[in-house]
């Protein structure tokens, strides 16, 4: 067992830290108040430094840093800007990842390469008004017409919907079969006729990432843009979410570590009753509990990343990363805010935003309830019992 | 006998061993300015302990009186001067010193100390301690001991010299007291013609366009900052002061909330946390949110009309008074 | 053009704290960084390369094997290749914040690095950070130039022209010219160094090599490098006396502030 990060991953972390602190941190307000995603010049700069292709092989325009490198990225991004992290996470972790996992070589060359280089931004269109956690209830239809499919339906809560160039879309090709053979993935370009952004959500947190409702109206998709085998879309989308889950744990780790650092800094600075509050046991216990949870999360996240990188089964661990990570981040942020007292509640400090931002991780990419089902199903399966959601 | 030892200790201990090599005397390089006099003064103190003479090389002008008064026994005037062109100065001094074989060579930190001394040391095969705060002589073997700041003065290191001469040091002269000038002191003056074979290796083409743009707050060595008691009008003056000092202007939270500064100039726990060498706070009361933002500052000067303002407890130097008046006086004096 | 940039690895100052009262340096995290001004030097070289594909930038470091990391970082930022001068006979310069007993001084370092520059061959320009953050001296660049026999353009903010056997460069106030080969020094505020490119960070470890030369390769023996100076201990500045107020009129107080700031070299003049 070796728990040290490789030299390249250590240097990579420094690269990301430098980028986030020098380029993103000074522009947090701008990002948070933007309705159209992070500023274009910041996105270009992120592309120049390879941020949009971290896990993908260099032959596809990526960095070749694997799941471990991608987790480091999400950890570092989420330290300073969960909004920016969400934009990047949706682009890499689910949109580009779906094409990487199940796309043809032609599709990878045409879409994955420019996406990994940050020249094209991706979205992942699964959720529908009637199908959130229950993805099998997807209603969007895809009807074969000659060499094309015609897509009709509504997708909502789609991160990057209004800024994407490419979206991967799950649609029903055979309603009779449903998720088992009746759903197919498609790669769609936002420039195509019939792709419309109908609404941008006004959210509690991650306000700098655009979350949209997308209406597909007689959208014609050529056959070569079918992602994976016809009828196997549900598998592609679930498999993609599996990979993405680990990185939500990583993002949560970054967010939690950041607020712990702020809390420690405040505890040694703020004086009350004749000395820094760091000398108060009530504060020490909170700091110790926060540190303990964060340390457990760090081990969990990077062990799971290692499972992914070494091609071992990771589905259960990824779900645990997402479940445990998101809850740790919320708990730790809440404690950090408490340590700051009224200052923590002030909008001048990043803690109230941290609390709002952290909350989404318990919901998106499969609610924590769904994660518990995934975990439980995995456990029971080991005992020969198949449970039904 | 005991009395004698006591007396000897009082007079500076045992005498140093005599020089056993062909290298002789403490040599001072000077451009004739006040820094050179301070170094000469230091050289004189060392020379008394060493039983050596102080020789100065005057590289600019011909005025030798003050150098002799400060302690030079002999001044060597470089005919035509030797300042400005480091290439020429290094070559000329190397030729000169190879001939006269100095035991020690000292000069002030500055152009001579930074552009000339390291190169001269390499030419002479000499050890060098740069930017020293203190120099003394090891009583056992007549070698130099130097104390110099590291990590921007976080702490000091002691530099020892191997018994190999010449030995060189450059001195930070700012903290040294003005030299003791003895106008009755006698000394000789000589003129030498420098070797100018290396002149013109580096040529000055003209003036450069000054690098533009404000200094980024996070990297500024000097930050001048304003608060509520400075008043909005004072912030323009603050900008002038920042420009004059080559630093950055900033403000505390009250100034930001009053709309006097943008957030990118805000110094406190919610904005920039900075660690400049010098932080000057004008009219900032200094609550814990502000002082948390300047915890890394190495030296803090605070000006506030309220003598009870908490900022004074965090300041190395405090002035109770009108911040605008202090800025005006600083601008007039600098 | 072939440009060598010298890279010094120093102990990260954010990893240690100095307790003046107890006269101790506490190393909380032993981490190393590239000397900040060396990144400005590297940036200056990379800007030449940005405009000229033929330009080759070589990072040159000296020290124990861990300096390898600093050189790979230089490659991750854009240097084409890297050379490390390291030898088991050359005891490690111990981190400045630890008990320092340097076994090689700037005199020896300059001679070794000059030999390395000559071995790299056909070098037109050496660019160094003006001073290292740890020593604060700026001793090496001048010594290295002398060991090479090259002219120095100090404190350069920008290279204006490079080619036809000359380099023209701007300092803060003057424009200078020297024949090539030459050595330039670059201060910390000269430019904004570019970041580490992620893919290059990966390649710097997985694909690229740092060439390591020992004393033999450069024609030296340990005896050649007997240091002329050694660091023999630490002293500590007095503890900061906070809360001092200046009495008297505002005029006198301002005069006193200026005098004290000048004496501490915090302001010029």
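So that you can tell them apart, the chains are marked A, B and C in the order they are listed, and the count of residues begins at 1 in each.
Convention: a contact is a pair of C-beta atoms (placed from the backbone, for glycine too) under 8 Å apart; a residue touches a chain by one contact, two chains touch by 3 or more.
A quick note: this is a predicted structure, and the numbers were derived from the prediction, not measured.
Enquirer: Given which chains touch which, is the overall layout a line, a ring, a star, complete, or other?
Expert: complete
Enquirer: Per-chain Cα mean versus the mean over all protein Cα atoms: which chain has them closest together?
Expert: So the chain sitting closest to the middle is C.
Enquirer: Farthest from chain C in C-alpha centre terms, which chain would that be?
Expert: A
Enquirer: If you count the contact pairs for each chain pair, which pair has the most?
Expert: Chains joined by the most C-beta contact pairs: B-C.
Enquirer: Can you work out the whole-Å distance between the CA centroids of chain B and chain C?
Expert: Result: the chain centres lie 20 Å from each other.
Enquirer: At what distance in angstrom does the C-alpha mean of chain B lie from that of chain A?
Expert: One centre to the other, that is 54 Å.
Enquirer: Go ahead and note the Å separation of the Cα centroids belonging to chain A and chain C.
Expert: Once rounded, the distance between the two centres reads 40 Å.
Enquirer: Please name which positions on chain B make contact with chain A in the complex.
Expert: That would be residues 253, 263-264, 269-270, 288-289, 291-292, 295 of chain B.
Enquirer: Can you list the residues on chain B that touch chain C in the complex?
Expert: 86-87, 90, 114-115, 117-119, 121-123, 125-131, 145, 147-162, 164, 167, 172, 174-175, 201-211, 215, 219, 222, 245-246, 277-278, 299-301, 307, 312-322, 325-326, 329-330, 333-334
Enquirer: Touching residues of chain C toward chain B in the complex: what are they?
Expert: 13, 18, 20, 25, 96-97, 100, 105-107, 110, 133-143, 145-147, 151-154, 157, 168, 170-179, 188-190, 226-237, 240-246, 250-251, 253-258, 260-269
Enquirer: Would you pull the chain A residues touching chain B in the complex into a rising list?
Expert: 26, 29, 265-266, 269-271, 343, 346, 348-349
Enquirer: Of all residues in chain C, which touch chain A in the complex?
Expert: 69, 72-73, 76, 195-199, 201-206
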